[in-house]
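Consider the two complexes below, in which chain A is the common component and chain B and chain C are the respective partners.
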Partner chain A sequence: MKAVFAHLTGQNSRQGLWILPLIAGIVGFAWLAVSTDQFATPQNAKNLLAQAMPLIIVAIGQMMVVLLGGLDLSVGAVISFTTAILALDAPAAITIPAVFIAAIAIGFINGTTVTRLNVNPIIATLAMQMIIMGLTRLMRPVAGGEVPEVVKQLVSGAVFGVPFTVFWGLLVCLLAWKMLYGSRFGLHIFAIGGGIASGQSDAAHTFGIADKRTTLLAYIGCSCFAALAGIFLAGRIVSGDPNIGPPFTLDSVTAVAIGGTQLSGGVGSLHGTIIGALVLALLSNGMNLANVSAFVQTAIKGAVLLAVVAFQSRKKIGL
Partner chain B sequence: MTSALSSPLAQRLLRIPPAYYVFGALLLTLWLTRPQLFNPNVMGIFIRQVAPLGILVLGQLLVMRVRSIDLSGAGVILLVNYIISSGLFPNGTLAFYLFMSIGIGLSVGLVNGVLVGLRRSSAVIVTLATNIILIGVVQLLASGKPPGDVPGFLRDIYNSKVLNVPSAVIIWVVLTGVLSIFLSRTVYGRYVESVGENPTAAHFSGVPVARTVVTAHLLAGVMAGLAGLVQTSSIAVGSIRFGLDLPLNAVAATILGGVIFGRGDGGVWGPFFGVMSFAMLFIVMTTFGIQEPGKLIAQGSIILIAAIFYGLRS
Partner chain C sequence: MNIKIALSATLLFGTALSTPTFAEDVTLMEGIEPRTENNSVVEAGVYQSDAPWTIGMSHFGVNANTWTVQMAHESTAAAAADDRVENFILLDANIDQAKQVADIEDLIAQNVDLIIVTPLTPTSADAGIEAAVEAGIPVIVHTGLTETDAFTLEIQGGAQNFGRVMGEFLVDELGGKGDIWVLRGLPGHPEDINRYEGLLEAIEGTEINIVAEDVGAWQYDNGKKVCETFFLSNPSVDGIWSSGADMTRACVDVFKEFGAEIPPISGEGNNGFFGQWIEDGFASISAEYGPEQGAAGVRAAIALLEGQEMYKHYAYEPAGWDLDRVQDVYRSDLSANVWFPTSLSEERLQELYGN
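And then the complex of A and B:
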């Protein structure tokens, strides 16, 4: 019994607590499918997927940084910045590369200040968030503008009745899977994070792993995933909006945490993060269908987060 | 660069928290460009506005010294504000509101402290979650509408002055002084220092690590409650949206003041000047007519540059 409990709560597991959120998600899904008749419809499935997709994308990027014991609070600002760039009234051939150049630059600054200049990740990315939000508001004080037709098509199009959103999901998951589980980069992330979590922040370094370079790349990757989410959102709202990004900062951390990734680093999984983001999306989708007010939704989101985190057990006290 | 940084003088200068440099530079800018603003009345009004942030920072620096963090301040402030301004207790006295604010702070701090200290959950997530819950509860109670008026006598106290200094500022300075003495003269202060320095070593030296962390969160909750009371007194009509960015600003001010997770080199007065430099930044920005986006960029750049300079020495 104790072993089963330890397995369910993800004790001593590299992947963390992801089974309980999965069960909670399935139970919630089943309950919604039985109790409300609008839930189990193709239209709602499409909505749910489209709602969850940007969060899944941001959360995957956020997870890479969290696995290294860091935190990226600038992802929300990157999303807003991306939509503002796309709505600049320029051809997509210029704005889409510009979005990624900006994301790489932001990730590079975040990563460099954290790894080379010894700045705490929370404070470095918080400062970056302020700067990027300032720039975004300079470019686009209120929502408006129009994104290129290509971007709209990329998000709302469909082939053989399968919406492009599905391909976005497959592509992003494949890319993230390759990065985390099919490359040296991913292996190094877990090695560095494991060392940081157990208090030996240079453990991976002593094994010859380029820890600073890997961390820098993780921050760049995180910003790029946020930019990708920004492109997706811009395609959905067909305009630039400075206020669309900021909620994703904390939501992405929430999704990552629900998915069993520990904020001290080293423990977490891709499927856990996807489950976490889906559970969050399911929560708001289901509560919308059940006519639960947005305010109660906020409170319930917090309570779920608190419950999940109280189940996780770790050795370190604090952050 | 490296050799210049390792000289004794540079080392000594780098050891001074960036808050003092930022505060000095901004004060100088103001003195050179707008000397007419250099009178206690104008400065008092601006500094009075950051008093709630300053009180919140006192709690933040305490939890950050024991390697934790408290992001639930916004929720506590919002709840205090809602209860006072919604007219639930129309005959409330100052003592009643004071006890209520401290009580709310203590209960939230207890939840945070137990989960972070005893259950060993991640402090970022726990305090974020309590914050979300509190905000949701307040918005639900208010059903999206702003609550009613703030009792007049709170506003009168806020507007009063003692020896030409606004009373909100006096409350802030007194609390800072009390915390400073508390941390430097009591056993608990020693516990905080040793837990921050090395929790494992502290544990094996017989320091009650978990209890120290729980107490820090309790005190942080109390400070957030008091910040809520001062913040509420500063406005005439209640609101359900204000103060949401206060916790992150409190973290920024604390780090600017030389207190980083586990290390408290800046003491209590470093973060105090961190908050003061935010006030000065606000004055300078306003007098130069810089709009909201520019303010954000300037604030972010100053925090980043200060943190980089502080990070260079270690």
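And then the complex of A and C:
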């Protein structure tokens, strides 16, 4: 029994707690399918996937940094900045590369500040968040503008009845899987994070791993995933908005935590993060369909986060 | 012959009884009138639906401040007051544009009879409104602008008029010359943008200068912080244009705490501000923007579902309130958090806001 509990709560596992949120998600899914007429419909499945997708994308990037014991509070600002760039009334051939150039630059500065200047990741990325939000409001003080048609089509289109959102999900998961589990970069992330979590921050470096370079690349990757989430959101709202990103900062950390990634670093998984983001989206969608009062929805979200995270010890989760 | 006359009379009488109400006859709320220019009519019976009805509402942020909370209460109370509204689904976007898009999708998925939207930004609800209308669901928009005009009916609170009323008050009070502070609401929110536009319109061509401007998010604590910063930076100011909500009360408190004379300041129909205004007697005006708009949205929804003829555009551009009117409305037995005008019942007012 103790062993089962330890497995469910992700104790002694490098992948962290992910089975429990998966079970919670399945139970919630089944309950909603039985209790509401509209939940188990193709239309709602499409809605749910589109609602979860930006959070899945940004949470995957956030997880890479969290695995290294870091945190990126600038992801929300990168999302807003991305939508503002895309709504500049310029061709997609210019704005989309510009979005990624900006994301790489932001990630590079974040990574350099953390690794070379030894600034605490929370402070470094919070400062960066303020800088980007300022620039975004300069570019687009008010929501509006038009994003290129191709971006809109890439998000809301479908091929043979299959929404493009499905392909977004497959592409992002494949990319993240390759980065984390199919490359040296991923191995190094877990090695560096494991060392940091056990109090030996230079352990990986001692074994010849380029820890600073890996950390720098993780921050760049995180910003690029946030930019990708921004492109998806711009396609959904068909405009630029300086205020659309910030809620994703906390939500991405929440999704990562729910998915079992420990904020102290070294422990976590891609599937856990995807489950975490899906559970959050399911919670929101499910409460809407179950007619849960708007006055209590936020409280329920908080309670679910507390319940899931409470299964991990404070020391292990890194808070 | 007699039979023919009787039949004709019956037909005429019957026609008179069954003729739908004309758009002019529908009162949504005192102060809300059909827009006089570029308006169109929603034909009678187009959205008629047999009761019971399910009405959905996508609110941009129920808990953004005390006004938005009350607007949500006004909406739910108006829906509860009509037995034909079987289900009123209120969804809170929580100041999150992506969530508002998702909320509208969820309401469409529930196949509600009508959707009321209070948009967070000028574009946050556009795609959802278009999708809902495409799915055959009528959409009512209020408390915020949209870029799309695909909605079925809108009630626009005349934010520009609101800001202009406040601005003109300052122009009069200062004799067209002086330095003012500007306290703005939520960045990017259409209401804030248009209120500010109204101010700029009012002071155009005068010698009134904006010497300090910042965002107080319509909240007491943020408004107080902004005012404290302005005061400590340079307390010499001739007037204050506050975009309303809880910020005016906060700014007046700052001047009282510093023992300084309160300059002319604009405000909004909040009970706490009214009490403060009556007690301290400073120069002010209360621009009207009542949370009762929430109830007006539901009344418009019911009228559409009843099949009544309605206008597409309604404007809410009342004059400002002076101290005499404020003294008539002020309720010392209610908390500072209640806003006027309201259509909440006395019982509900006491339940929610009773001291």
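Simple rule for what comes next: the second predicted complex is superposed on the first by the 311 of 319 C-alpha atoms of A that agree within 3 Å, B and C clash if a C-alpha of one lies under 4 Å from a C-alpha of the other, contacts with A are read in each partner's own complex, and residues count from 1 in each chain.
By definition in this document, a residue touches a chain if its C-beta (ideal position, glycine included) is under 8 Å from a C-beta of that chain, and two chains touch if they have at least 3 such contacts.
For clarity, every value in this text was computed on a predicted model and none was experimentally measured.
S.K.: Please determine, from the superposition on chain A, whether chain B and chain C clash or fit.
M.R.: The answer is clash.
S.K.: Does chain C touch more residues of chain A than chain B does, or is it the other way round?
M.R.: Touching more residues of chain A than the other partner does is B.
S.K.: Is A:Asn288 in contact with chain B, with chain C, with both, or with neither (first, second, both, neither)?
M.R.: The answer is second: A:Asn288 touches chain C but not chain B.
S.K.: Touching A:Asn118 in the superposition: chain B (first), chain C (second), both, neither?
M.R.: Touch partner of A:Asn118: chain B, not chain C.
S.K.: Which partner does A:Leu263 contact after superposing on A: first (chain B), second (chain C), both, neither?
M.R.: In the superposition, A:Leu263 contacts chain B only.
S.K.: Of the partners chain B and chain C, which touch A:Arg137 in the superposed model: first, second, both, neither?
M.R.: both
S.K.: Given the touch rule stated above, what does A:Gln297 touch, chain B (first), chain C (second), both, or neither?
M.R.: A:Gln297 contacts both chain B and chain C.
S.K.: Would you indicate which of the stretches 58-66, 76-84 or 112-120 belonging to chain C has clashing C-alpha atoms with chain B?
M.R.: 58-66
S.K.: Residues on chain A in contact with chain B in one complex and with chain C in the other?
M.R.: In the superposed arrangement, which is not itself an observed complex, chain A uses residues 137, 141, 293-295, 297-298 for both chain B and chain C.
S.K.: Can you list the chain B residues touching chain A in their complex?
M.R.: Going by the criterion above, the answer is residues 66-69, 115-117, 119-126, 128-137, 139-140, 143-144, 199-200, 209-210, 213, 248, 251-252, 255, 260-261, 292-301, 303-304, 307-308, 310-312, 314.
S.K.: Write out the stretch or stretches of chain C touching chain A in their complex.
M.R.: Chain C reaches chain A through residues 59, 62-63, 72, 87, 89-92, 94-99, 101-103, 105-111, 120-124, 126-127, 147, 187-188, 193.
S.K.: Can you list the residues on chain A that touch chain C in the complex?
M.R.: 38, 41, 43-44, 47, 50-51, 54, 137, 141-144, 233, 236-239, 241-244, 247-248, 284-285, 288-289, 291, 293-295, 297-298
S.K.: Which of the residues in chain A end up touching chain B in this complex?
M.R.: On the chain A side, the touching residues are 71, 73, 113, 117-120, 122-124, 126-131, 133-138, 141, 199, 250, 253-254, 257, 262-264, 293-303, 305-306, 309-310, 312-319.
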